[in-house]
Amino acid sequence: MKKVEAIIKPFKLEDVKEALHEVGFEGMTVTEVKGFGRQKGHTEIYRGSEYTVDFLPKVKIEVVVATERVEAALNAIVKAAKTGKIGDGKVFVSPVESAVRIRTSEKDEAAI
Amino acid sequence: MKKVEAIIKPFKLEDVKEALHEVGFEGMTVTEVKGFGRQKGHTEIYRGSEYTVDFLPKVKIEVVVATERVEAALNAIVKAAKTGKIGDGKVFVSPVESAVRIRTSEKDEAAI
Amino acid sequence: MKKVEAIIKPFKLEDVKEALHEVGFEGMTVTEVKGFGRQKGHTEIYRGSEYTVDFLPKVKIEVVVATERVEAALNAIVKAAKTGKIGDGKVFVSPVESAVRIRTSEKDEAAI
Amino acid sequence: MSMKKFVLLLSALALSFAPPMALAQETTPAETPATETAAPAEETPAADAAAPAEAEKPTAEAPAPAEAAAPAAEAAPAALDSGHNAWQMTSTALVLFMTLPGLALFYGGLVRRKNVLSVMAQCLGCACMITPLWWLCGYSLSFSGGNAFIGDMGNALLKGIDVNKTGAGSALISDGIWVIFQLTFAIITPALIVGAIAERMKFSSVMLFILVWMFAVYFPFAHMVWGGTGFMCGPLNKLASIKAIDFAGGTVVHMTSGWSALVLCLILGKRIGFGREQMTPHSMVLCMVGTGMLWVGWYGFNAGSALAADGIAVTAFVTTTLAAATAGLVWALAEWVLRGKPSVLGFCSGIVAGLVVITPAAGFVGFTSSIIMGVFAGAVCFAACAYLKKALGYDDALDTFGVHGVGGTMGAILTGVFADPKVNPLLGEGGMNLMPGLVMEQIKAVGLTIVWSVVATAIIAYAIKFTLGLRPTQEVEQSGLDLAEHGEGGYEH
Amino acid sequence: MSMKKFVLLLSALALSFAPPMALAQETTPAETPATETAAPAEETPAADAAAPAEAEKPTAEAPAPAEAAAPAAEAAPAALDSGHNAWQMTSTALVLFMTLPGLALFYGGLVRRKNVLSVMAQCLGCACMITPLWWLCGYSLSFSGGNAFIGDMGNALLKGIDVNKTGAGSALISDGIWVIFQLTFAIITPALIVGAIAERMKFSSVMLFILVWMFAVYFPFAHMVWGGTGFMCGPLNKLASIKAIDFAGGTVVHMTSGWSALVLCLILGKRIGFGREQMTPHSMVLCMVGTGMLWVGWYGFNAGSALAADGIAVTAFVTTTLAAATAGLVWALAEWVLRGKPSVLGFCSGIVAGLVVITPAAGFVGFTSSIIMGVFAGAVCFAACAYLKKALGYDDALDTFGVHGVGGTMGAILTGVFADPKVNPLLGEGGMNLMPGLVMEQIKAVGLTIVWSVVATAIIAYAIKFTLGLRPTQEVEQSGLDLAEHGEGGYEH
Amino acid sequence: MSMKKFVLLLSALALSFAPPMALAQETTPAETPATETAAPAEETPAADAAAPAEAEKPTAEAPAPAEAAAPAAEAAPAALDSGHNAWQMTSTALVLFMTLPGLALFYGGLVRRKNVLSVMAQCLGCACMITPLWWLCGYSLSFSGGNAFIGDMGNALLKGIDVNKTGAGSALISDGIWVIFQLTFAIITPALIVGAIAERMKFSSVMLFILVWMFAVYFPFAHMVWGGTGFMCGPLNKLASIKAIDFAGGTVVHMTSGWSALVLCLILGKRIGFGREQMTPHSMVLCMVGTGMLWVGWYGFNAGSALAADGIAVTAFVTTTLAAATAGLVWALAEWVLRGKPSVLGFCSGIVAGLVVITPAAGFVGFTSSIIMGVFAGAVCFAACAYLKKALGYDDALDTFGVHGVGGTMGAILTGVFADPKVNPLLGEGGMNLMPGLVMEQIKAVGLTIVWSVVATAIIAYAIKFTLGLRPTQEVEQSGLDLAEHGEGGYEH
């Protein structure tokens, strides 16, 4: 199994979720994160004090998938999340050795 | 070392924490996340506009453990987090190659 | 590629970010988390009811780096985040198998 | 585009009310001047007429026209009464409180987190822009002499307003506080429109729209309804073409803003993602806090419109309370029965609906009537927001039309139905004798208000659309107006 | 079950106060009718008695009984005074402000995030339900004629309430505003109970409980304490069995709600996870904001209870300020000394405790007495919340009992101790001569209030428990009442 | 240390104003006693002088000195007027509302999340500590007899304050409400200082500083400016050395707090991370809500300072409104032009600046003057916050100096420029004849206020610094004052 972890623009969450659903991924976990990268943050001015807010709000989606389905997940995410503008984000794939469904104690592929 | 990562129902956090303590795990990191899966979200109606909130608040617990103690952590979590109802969540295990304790620069097993 | 994942004290975020920048890491993702460990939480008293808040606010920084640059990232983080007091946190290193930049579909090292 | 069609349809519908108005307008030129030039002592409207019925205060609800009050003042100089004046100052503070922070919270809580400050900035912008405007010419255009439709520049720069004189508003309160009391109404009215167009209109365009709209709609309506020479000011103007009544602003405030809001939100178009994305209120807590403040502040609005701390003020106080609570209860019960759960937003919406509906009636109807009006308010506005909006599909973001447009219209008509000369003698034969045909007059007033508001708003909105533009870029809208337009976030990140 | 035992114990304790009451009750049937039927002119209570002492306002704190005021009004028709009436309207708005949004914020901030709307819905529900009820029969049962314990239906549907008449409340304010002023008290009282049972009671059961409780407890107490024929209305009823005094609601408001809250929370049981889970306030910021609003609104409550903008009102204004601040200081200092840190919740709790304790005394005691009462308020209520609750182990979620029950009881008794005829001549020989034995009368009133509240609440609570049920399912409680019961969340997710 | 130098520079600058003051002080010993001992009837200041001009209320803005009012009262006992008294109670409640929760929200929203409660605790602490202090001796030292600089202990424990008497403040309101009205000013003044030193001062040191500061600065200034024997009380004291005017507290409230805030924040030093870390407001929403409350409450502050619900009060009401809105507009426009975006904080800051600047002038200037003063307020305070602070580099966390120090100083001087005897006859020849040389008197008053505030604050601050210490440990400051100092967090974690 692999964990496919995508960092995307928040307003693309809905699209990515639907794209994943369409290729059969029902389960996923989403976290609100702050991203630093090439995309610039904005400047806020409060009564003359300037602050550069250098992070940008991003959303992290984690989907654990069977190894053979990594490609499908990856493609669905990339396609749905792309705007072509800087800051679209990344997808990382990393190994997962086992999985358990707490409710049933099912293991691995059966658990996800 | 392995990372044991559990996604559970928020109100089970206290129980899981205690269960982990009992089997000797003191350190862990907790994140508030949103979960999508088989468990259905709820519907909110605001003056006639219906919204299906399809995610559910979940809590993610991460514990990095020595490889031989994975089973102990896993069992403790599964036992404490189970309600038997849909949405109880998952536990994933993945490899961790090294660890450092920032304060002392201790490494690996000594660091966790 | 590796993921370098650090759990640090929130007020050290700025320092760690700068340290990483200095050694050439521009991209990273930051999450607010709660940490449990040896460091004690505090006690709050509300009209006679005592509550021990046993977690502490921490910040998790994730940087995906080329394998050969792990050491550089690790050192930068440890140096910047250290206060020498309990609760400084940990750094974990784990494998990442592939990466994609959503905007350009660049892969792996080129993507990070 | 269905939106365009809808606007056309609406304008058509609106214009169908126009003929009788047009007729009425034709007849006025002849009559109106007479009021101004002659206005012989024995015709002095409300001031004398109401006097026997209610000795302590000549006007029961609205300003004695300046020209009428002046001679009266000479004969028996009306003294500033400390109690009435105290109540008027309190009321004025309460009405400002309705906008800042009441409405800002009510609306601010209902938008998404990324737009909360934009709504607040628009409320602040209304207060800060309209106040100097009011000083410059707004008050004068609304309340100084003029013809049946608009005042003149006689009080520009508040020239001639003397704090130690009375009569501009009523014979017992300072003319100065009357000016500011009316200002607070002029502030909240355009601020109400903000609810319909929330989350998707450029700040510059909002402010420009409001600036023009004040001249095109608000000042004329304040004059027509509450000015001594006003076209539809039944209580003060014996020569009014439409002898309608409006205690505290059913037409002037709620209908003008509600109908303008509908048209503007149609021309503006829907929010990106409307119907597809979650657009739930980001903080029902703020919304509830704003509701409480609106209710409390509304006592200044309604009971303050008596322009005295007298029995009529108390009537308004009681009816306002009864209608608000009843409508809140009815809305929540409707939700409970039809949707399974009574919500905080339901209570809040009902309360505001009740307050809107009772506004034109507050000092004219009896206690039990106000309960009945509250029931209507809760039920009809609930239906408008829950079903009508869905059926027609416009994006009235925070239901300004559903509550203020529908509620204001219904309230104006029901005021005609429930008005009672025993409650307010000004309505009766001893007063201005307004009862015969009152419902029809109210309907005429409603019609004129709809036509005028719809047409004026459409013109202004299209003019801005094709010049400055109405909407921000898609990216700005999606990332939120707060950061893009104001350089701030509502909450620390 | 220890809870059951505790309730029994409490009822037993409560009933131990009963005998003297029972006696008192027995004697009244003979006397009370006399008040109603005969009530000869020279016996007309407060109205005349107080007149010489304070010429401008006959009643110093409470309603002149309708029947007494009527004939007086014929002789010398009391005119609506604009200043007094203005203050009464302001006060009424302020007391509503205490509930919406004051109390809603104070309580809402103290619960967990998942239950913030449920508390607000209960406050809104009180306002929206009790208002039409007040119109229907509540006012009438509280203040219209009747016997020593309850009014009659003479003013049902507010029949007979004339805004241009005075005398129902005092001789100088409109009867209409008196009705609504009293309504705002009837709204906040049950809303206070919400604090004790927060986070674990079904909305339907809360509303049903309150509905019945109004008839069983509130209307009788409003009548007994402030009605001209009331059983323990010392200032107005020469024939009162208990000649107690209660300026603004120590017994009627704080004791009834506080003791009922204790019993209800005992019968209801503890929150799931009580003592084990973190149940820290989700927003001390909201709580602090609510506290500020409560303090400001309380001026309407206390100084408004003078029913005039006179010297007594000013006395109440001053004592309210002094007691609130002093109690806030004392509570925070107690925390500082005993716990190491002065907390915002400590300041807020102390302020509210001070306001509660001074409520029955506000217009009866001197300045320095109010400082002393503030010290008691801060110290004793702090101890009740910090130690007593822990020792007894009940789950009074937001300390309604610790603050309103304990504070109200202490305040009622201290009022007897510190009442001063030089401050309020009504108490003295020129007035109703209430000073002799006043402390004992206050203790009797306290006893009757406790017994009545405890018994009535126990009966209603058990009745609902065994029919509709009191608590939601465990799952609902754990996931929070907001979503489950109202279909909304307090904040965007 | 550049900070030290700055303080020295400031003190030097301050002392450069001193010589004329010193002179003035020398001359007073001879004159002041005369006021107290002799004060012959025909010299009785304001009370009589203003009488013909404004029959209904002797004093136009400030207290009739107790000794002057007393004999007058005997001759023709001034009765408590219900309307004026009602307005004074309302105003008092409004001014308390400014601090709790107005200022607490305004400041609380501007700090970082981890310090929100510390700011609120300091506001609560002011209210709870100063109230009993006021009862103990504060009121007396401010307003009871005494010499030109400070009162005496004649009214300690509020001895001699009779709610049924008038004259302490004005001839028509109860002495009791005058005491509490003034208390609310004494509460908010030190609370304003909190803004400058936010996020980095120990709670114990804050409270101790304020306690001493009240004696060293506030009580003397209240006495000097508003006391009948006061050193610079032009309107009441014919023998005043500086014949300055200050309607509602430009010097007493805003300048003392603003200049003290500057000095204290210099001595205290910058926040850790200042200029390096993000220190953005944690909730502009709270800040905006606080602004609305401040604006509304300020009507009590300014119009309440008329001490009557009369024409002067209405003047103050109007000018307050016009200045606030205009300044808000100007500040936001300045941002729009110079920074690209109008911000909510810009509107809010401008509104507060406008309110500050109009405060000393509110009842003395005409409508159009108030618009001009609003323009100055918005432009100059914007420049002070946006450029001056940056240039000098001090860490005035929430811009207390930039708004209250700069705005208060400018307002005091502009009051001299725009004061108009046609607006307030007290200024004219029929009154106290204060117009000749008024600007120079205002500048003297400004100078004395700066010198006194700067010197007194420097002494107290250094004294505390070297004993109790001013700042918490670095760890406490970094983790936030809320948890460390109050054991609570502002929001659930």
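To keep things simple, chains are lettered A, B, C, D, E and F as they appear, and every chain counts its residues starting from 1.
In this text, a residue touches a chain if its C-beta (ideal position, glycine included) is under 8 Å from a C-beta of that chain, and two chains touch if they have at least 3 such contacts.
For clarity, every value in this text was computed on a predicted model and none was experimentally measured.
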{"item": "Touching both chain A and chain F (chains)", "value": "C, D"}
{"item": "Fewest touching-chain hops separating chain A from chain E", "value": "2"}
{"item": "Pair of chains joined by more contacts [C-beta pairs], A-D or B-D", "value": "B-D"}
{"item": "Averaged-CA centre spacing for the pair chain E and chain C, given as whole angstrom", "value": "54"}
{"item": "Whole-Å gap between the CA centroids of chain E and chain F", "value": "37"}
{"item": "Distance from chain B to chain A - Cα centre to Cα centre, in angstrom", "value": "18"}
{"item": "Chain D: positions in contact with at least two other chains", "value": "81-84, 86-87, 90, 280-281, 339, 341, 343, 345, 487-489"}
{"item": "Chain A, residues touching no fewer than two other chains", "value": "31, 34, 44-46, 53, 55, 94-95"}
{"item": "Chain contact graph, described as a line, ring, star, complete graph or other shape", "value": "other"}
{"item": "Touching pairs among all chains present in the structure", "value": "A-B, A-C, A-D, A-F, B-C, B-D, B-E, C-E, C-F, D-E, D-F, E-F"}
{"item": "Chain D residues touching chain F - in the complex, by the definition given at the top", "value": "80-87, 89-90, 92-93, 96-97, 99-102, 104-105, 108, 116-117, 120-121, 124-125, 127-132, 135, 157-158, 161, 163-164, 174, 176-177, 179-180, 183, 203, 286, 485-492"}
{"item": "Partner chain D, residues of chain F touching it in the complex", "value": "56, 81-84, 86-87, 90, 94, 112-113, 172, 280-285, 288-289, 291-293, 295-296, 299-300, 303, 308-315, 317-318, 321-322, 324-326, 328-329, 332, 339-345, 347-348, 350-351, 367-368, 371, 374"}
{"item": "Parts of chain A lying in touch with chain D, wherever the complex brings them together", "value": "11, 14, 34, 42-46, 53, 55, 57"}
{"item": "Footprint of chain C on chain A - complex, ascending", "value": "2, 6-8, 31-38, 55, 58, 60, 74, 77-78, 81-95"}
{"item": "Chain B-facing residues of chain D, complex", "value": "278-281, 335, 339, 341, 343, 345-346, 349, 382, 385-387, 389-390, 399, 402"}
